[in-house]
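Chain IDs A, B, C and D follow the sequence of writing; residue 1 opens each chain.
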Amino acid sequence: MTDQNPCSPHCPTDADHLCMPAEARKRARHRLSIARGHLESIVKMLDEEDVYCVDVLRQIRAVQGALTGASDVVLRGHLEAHVATAAGRGDTVEMVDELMEALRYR
Amino acid sequence: MTDQNPCSPHCPTDADHLCMPAEARKRARHRLSIARGHLESIVKMLDEEDVYCVDVLRQIRAVQGALTGASDVVLRGHLEAHVATAAGRGDTVEMVDELMEALRYR
Amino acid sequence: MTDQNPCSPHCPTDADHLCMPAEARKRARHRLSIARGHLESIVKMLDEEDVYCVDVLRQIRAVQGALTGASDVVLRGHLEAHVATAAGRGDTVEMVDELMEALRYR
Amino acid sequence: MTDQNPCSPHCPTDADHLCMPAEARKRARHRLSIARGHLESIVKMLDEEDVYCVDVLRQIRAVQGALTGASDVVLRGHLEAHVATAAGRGDTVEMVDELMEALRYR
């Protein structure tokens, strides 16, 4: 179940590491672009002297939710493409250690 | 302890609502600008075909932490300027309801 | 707005510190008792050899939600009884520092 | 890579579903027992009229941390024993859907 390219079929053929599935990559990129635009608008809100604290808290919370959504897209792609195939590649412990570290305080 | 401008001394004199203290506003703006730059760099990361899922998860988590930091600046300013003075203004219940709603699922 | 007992009318007359409002105390106690019973049932689930991981994750998450609910009852009581009156007592900065520390990583 | 018992070698031979690895089960049970004792002590704290809100918030937060630790033990066992072997069993999509749902709002 192993071959020379560890991340086939998700990677350019010369990659020497696991790569993100293309669809997850595009969807995550799209969601993060929208979150960036939202964050840009909060920065502008804060140029106004009469902005109200609770409105800013709500807007920041909305961006946090959007980032969690993007993170879920990446996580799902990673679980399907890389974690579910770990036993076949023989790197289960390393993959799980790495993921648990990345999920901490999520 | 009340006067005609409910948010004095934090607001332009013609504001009719509570306003964010200027220092908290500037500090939150600065932090959110940095988070926006970081988020911009993640969007660019996702243009690369060989980006790795776990690296993206880590970067998104770092931006989440930065947003939580900015949110804490806003929350602290709000508690000091507006919640701590609520009994004096006589709007404690409204202020606390509003804040609890904004903190939900924080 | 200050008097000899800092936490009146929420405290026994001989208390020398702020005390939790009685209603919030009773409601939080009730909710935490229920969460304790739920947690007890998860411990028992884990005595069964054929328990499934995802069922345990879901049950732990439900208890976490119940604890967050209890925490919100305590927080709301604290904001109304103690933070909203801080400017009157003159201890705003201390109250807010303490609360921000307690909310960290909430 | 498949056999008649889907959860072998983690399960009693007559189980018809995936089961938690025994070591993760014992470790999670131990941690949750400690959390239950801690939660019991908070319920007792709340019998005292002069308990202080912020002390209760801190104690609840500590129990939340303990539950997250127990949850991580279960999650790690699940990833290693069941998710990493999903491609071999052929149930990747179902396993990942189920896990993503259980992690939501974690």
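In the analysis below, contacts are C-beta pairs under 8 Å (C-beta built on N, C-alpha and C of every residue); 3 or more make two chains touch, one makes a residue touch a chain.
Bear in mind that the values here come from a model prediction, so they are computed numbers and not experimental data.
Centroid to centroid, with C-alpha atoms defining each point, chain B and chain C lie 23 Å apart. Averaging C-alpha coordinates per chain places the centre of chain A 33 Å away from that of chain C.
The multi-chain contact residues of chain B, meaning those touching 2 or more other chains, are 75, 99, 103, 105-106.
In terms of inter-chain touching, the protein chains here make up one closed cycle, each touching precisely two others. Pairwise, the chains that make contact are A-B, A-D, B-C, C-D.
Contact residues on chain D toward chain A in their complex (touch as defined above): 1, 72, 75-76, 79-80, 83-88, 92-93, 95-96, 99-100, 103-104, 106.
Residues 11-12, 15, 17-20, 22, 24-26, 28-29, 32-33, 35-36, 39-40, 42-43, 46-47, 49-54, 56-58, 60-61, 63-64, 67-68, 70-71, 74-75, 77-78, 81-82, 98-99, 102-103, 105-106 of chain A touch chain B in their complex.
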